[in-house]
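Both complexes below contain subunit A, partnered by subunit B and then by subunit C.
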Partner chain A sequence: MDYYLQQLVIGLSLGMVYALVAIGFTLIFGVLNVVNFAHGEIYTIGAFAGLLIFVTFAPPLVVVLLIVLAVGALTGVGLERFAFKPFRRFSDEATLKSRAMREATLMSSLALSIVAREGIELFFGSQFQALPLSHMLNSPIKIGPVTIVDGDLIIFGTSFLMLAGLQFVLKYTSVGLSIRAVSNNPLGARYVGINTDRTIAWTFAVGSGMGAVAGLLVGLYYGAIFPAMGFTPGIKAFVAMVMGGLSSIPGAVICALIIGISEALSSIFVSSVWQDLVAYAFLIITLIFFPRGIFGGARERV
Partner chain B sequence: MNASDTTPRRWLWTGLILTALFVLVPLLLSLAGRSYFYQIANTIMIFALLAASMHLVTGVAGLLQLGHAAFYGIGGYGAALLATHFKLSFVFTIPLAGLMAALIAFLVAVPTMRLVSIYFAVATLGIGQMLHVITLNWVPVTKGPNGILLFGGMKLFDIDFSKPVPAYYLVAVIVAACVYVIHRLSHSYYGNALRALREDDQCADAMGINTPRLKLESFTVSGFFAGVAGALWAHTAGYISPADFNFNVSILILSMVVLGGLGSLPGAILGAIILIGLPEVLREFKAGDFRNIIIGIVLFGVILFQPRGLIGEVSALDFIRNQLGLGRKTKTDGKQMRVGWL
Partner chain C sequence: MKNRRHMLTLGTAFALGALGLPALAQQPTYKIGYQLPLTGNTAQYGIDFKNSAEIALDQFAKAGKPFKVEIVFEDSRSDTKEGVAIARKFVDDKAIVGVLGDFTSGVSIASAQIYKEAGMPQLSQTASHPDYTKVSEWQFRNITTQAQEGPLNAEWLYASGYRKVAVIAEQTDWGQTVVSNFVDKFKALGGQVVFSEFFNRGLADFRPIITKIARDKPDAIYTGYFYEDGAQFLKQMKQLSVTIPVHSTSASYNQQLITLAGADAEGMKLTATFLPNNPAKNVQDFVAAWKAKTGQAEPGQFPAQAYDAVNIMLAALERAHPNVTRKSLRDQLAATKNFPGVTGDTTFDADREPAKKLVRAQVKNGAFVAVEK
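Moving on to the complex of A and B:
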């Protein structure tokens, strides 16, 4: 029983990390209707930025988190500027309907993600980089029958704070209002005088900042980071987004938690090498039986 | 577009392509005289076949396929297992591997065929990843991350096809035949029907095109050719491991198709030549460390400045109809007329 509880805690913190990554995907998909393939690399950049900051300044964790948030946001804005904005220069109907153009936007973020990953690999090498041990979040804490590490609590707490912050930004600030307006109807938002370009840049800043923090937290939790680390969480978060119905943030968060918990619990029954299958199985089942996602509202055809 | 037609120079172009493939390239390779170059040539041809098969499903039928490497992998593992366990000759393993991949593609396609756009892409991504996890961890059969070594020669009629020159010709003949089939499929009324469902599948449905069936067929056929490519890879490389068939390979193939131009078969092949050839050229210039970055930058630049691809669909179709003379028919008075759109 204790073991189950312990796996549940691990699953929750894993799920929270997926949720942070999935929110970025969902926000960006909401405003632009395209998948940002470079989102996994933002996660990696967050982890490596954290490593550099730790090695050079060794400030307290909160400061690192804030710096990484800023680095992620800036990277996101840069990514939007280079990989997405140039393609909005075409706005005639033929181009918008053209398959090649839509796929081009998708591939531009992919191309930049290759450049980013290979750049990190060139600079740091493709091997695992160890974070300084003193900063690792794995001092055990005993709560009743369950032993968890402080990393679980920090991941949980940070993610919770960030989710609350996101809700605040989206509900009570003018930036959040314009993000919601653009994702609801881009053309309508323009008609009422919202600066869509700036809103999209803000969306990338918010989403990428959260993704970068997720990367840093995972790096601290496992103590090792590597250039290709963003790939698996990126795919899991993508799955969570689809399960949650593509544009629903609460849906994505809940599905990310479901995926995290079921992965952790599945390792009780089968060898942990198979646990990646869980997320993909969820994905296929969702797509076949609930093609709009579990929490998706009425959308167009799927 | 002007209705008066130039006479198709079909034999000129066919002859040029075949001469290049079967005479010029082997001549250059034998002048270079390193068997490593033959391996590169084989890789380029295998990826040209993969890109062509993805061109059929993603470029022509418009189904964004993010798990193509899985069918390539099924072909590779199928051929390797048939060759090592049942000692089958490559004459049988290559078509059987293709059929296995086609069967799996069919089974995958049946439940996912009614999904559209990004949902379909995600479904193929998930299935591709599942197959990858299975090859990585089903150790008793696939030997896991260690991969499978293929021993033994590929002998037929006293020709040893594991030697560089016969291996080159084997791959060239099979790839040329498969690409020809894909060419006929995508530049015909059948291809036009696929293009119609790409542009608007509800409209195509309303016009009497059986869209689920066409999607199913194009997906299965593309799976077959990916399987054949996998078998060729297994036999020419002599060693396969799950890393040969991971998600990055799917993305590499997709990049080839997008780089050359979605919906353009010559573009897909050009994309394969560039994305496999360029890193090797850079390796020669001792720029090995930078080659993946350069691929990324080249891809980004092409997408930014030439978003319809190096050989866009319209110019590719124009070339094929005018120079290779497809999509025409001879009227009773001996004049040629165009059929289909364009």
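Moving on to the complex of A and C:
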């Protein structure tokens, strides 16, 4: 029984990690309707930025989190300006509704992600970065028969804060209102006088800031910071988002947890080599049986 | 008019002659190709090899040999398609007489097919899958294979009193040879393998595996991983308070393992062919040159392997000089006998495998030290 409980707890912490990345990712997709392939790289940049800060100043964790949040937000705005904004040059109706534009931004964010990753690799090298061990969020806490780490609690707390904060911003502030307007109908939002460019920039700032914080926390949690670290979390976040219904952030979080738990529990029955298969199996099942996602509303099909 | 034209032609002829004369007196330059991962997620190994090769080349150039050697480095990204493309490129370059590399067994074996067809000697410093040297007579390696290491480790674990062992390894050609060679010998000795599993290279979270291992209660764990996965594994073992002793292969021998895992690496045992605190002169010279070049505290086993591989190739070139062709180089490589390398004396046997000794080591007080027998 202890064994299954421990695996469940491990699965929950895995899921929380995916959820952390999924929140920012889903926010950006929900507003712009394009997949931001560079989100994994913002995650990596957050981790490296945090590493640099730790190595040079060694301030307390909260300070580092805030700085990394700012770094992520700025990077996100820059990313938007380079990879997404040029495609919104023309604001006639045909262009705004065109699919080709979506694919173009998908490719451009992918291209930027490759440039960013290779750039980090050139600069830092592709090996795991040595992290000052005192900063790792890794002290075990025994709760009865299972062991968790303090990092689990921090990640849980941060995800919760992010989720709650985002829901608050979206429902009760004017920025949130304009984000919801733009995500609902960008052309209509423009007609009623909302500055869509500014809103989109804000969305990227918020989403990327969260992605960067996610990268930092996961980097500290596993103690593994390297240039390719954003790839797998990016894919899992994408799957969680698709499962959750594309524009539902709470849905994405819940599905991320489901993925994490399933991965850990699956290792009970099969070799852990098949662990990654779980996420992709969920993706296929969702696409076939739940085209609107499990929690999706009246949105177009995935 | 005619005079001036004659003067011009004579002048140019003299100038060209003056330029050409030194060229006649120049030494021949032999080119060696080196295929290795300089970018991608195994780039740290390739860059280490490049540094070792440059150290060896520097020392060679200063030693006053009758010829010059130039190494052409090509980035294979540890990708079989790239490796094969590079192999074709090297084979087409008539000036290249021998090839070093690649890093992984998979890429080395794929490239070996090209070298076999074209007749180009290939020496890999780290490809340890048994099938590599079976491709043709052109393939050499100077690293011990798991066929040698596995049984040695099996004997060590059995002699330490462990009867029930869990085995995990990365899911690659190499990882599979780690497991099969160890398990066959361990079972033959009378031991029992209670758990055996493969994991994907680059796995960040080993906790599900560790929890599974702990449930089966083995006496020891034998692992086939490289230092990144090893560091993750050891850290998470400590996190879950699992205190089962861990043994590993020479692939974990890297100072970075200790840097990444810190105190959690303490007590891990492994076999190695290279120990930087070996007082032999060539070892200490290499360690000093490595420190000067890379600023790292110590070279690990893999850079030492590359250093030896380059030197073995250079020694074979020297024996083949002045009649250096791909065939003659291959023959001289095969004739390598008791080559004094930093990873031990190397002699290639009839199968072009190295006959080398492995030492037992463990991590003690943050450093790799030899274990007395």
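In the analysis below, the second predicted complex is superposed on the first by the 288 of 302 C-alpha atoms of A that agree within 3 Å, B and C clash if a C-alpha of one lies under 4 Å from a C-alpha of the other, contacts with A are read in each partner's own complex, and residues count from 1 in each chain.
Throughout what follows, a residue touches a chain if its C-beta (ideal position, glycine included) is under 8 Å from a C-beta of that chain, and two chains touch if they have at least 3 such contacts.
This structure is a prediction, so every number in the text was calculated from the model and none was measured.
K.L.:
Could you tell me if A:Q7 is touching subunit B, subunit C, both of them or neither one (first, second, both, neither)?
P.N.:
second
K.L.:
Examine A:G125 and indicate which partner it touches, taking first as subunit B and second as subunit C; both and neither are also allowed.
P.N.:
second
K.L.:
Given the touch rule stated above, what does A:A224 touch, subunit B (first), subunit C (second), both, or neither?
P.N.:
second
K.L.:
Per the contact definition in the header, classify A:D276: touching subunit B only (first), subunit C only (second), both, or neither.
P.N.:
After superposing on A, A:D276 lies in contact with both subunit B and subunit C.
K.L.:
Just to be sure I read the superposition right, which of the two partners does A:L110 touch: subunit B = first, subunit C = second, or both, or neither?
P.N.:
In the superposition, A:L110 contacts subunit B only.
K.L.:
Kindly list the residues of subunit A that each of subunit B and subunit C touches, one partner per complex.
P.N.:
118, 121, 271, 273, 276
K.L.:
Quick check: in the complex, which residue numbers of subunit A touch subunit B?
P.N.:
It comes out as residues 35, 83, 86-87, 97-101, 103-104, 107-108, 110-115, 118-119, 121-122, 231, 235, 238-239, 242, 246, 271, 273-274, 276-277, 280-281, 283-284, 287-288, 291, 301-302.
K.L.:
Quick check: in the complex, which residue numbers of subunit B touch subunit A?
P.N.:
62, 64, 111-112, 115-116, 118-119, 122-123, 125-127, 129-130, 133-134, 136-137, 198-199, 247, 251, 254-255, 258, 261-263, 289-290, 292-293, 295-297, 299-300, 303-304, 307-309, 312-313
K.L.:
For subunit C, which residues count as touching subunit A in their complex?
P.N.:
Within the complex, subunit C contacts subunit A at residues 39-44, 47, 171, 197-200, 202-205, 207-209, 211-212, 215, 228, 231-232, 235, 239-241, 256, 259-260, 262-263.
K.L.:
Provide the residue numbers of subunit A that touch subunit C in the complex, in ascending order.
P.N.:
3, 6-7, 10, 14, 118, 121, 125-128, 130-131, 133, 138, 140, 142, 147, 149, 222-224, 226-229, 232, 263-264, 267-268, 271-273, 275-276
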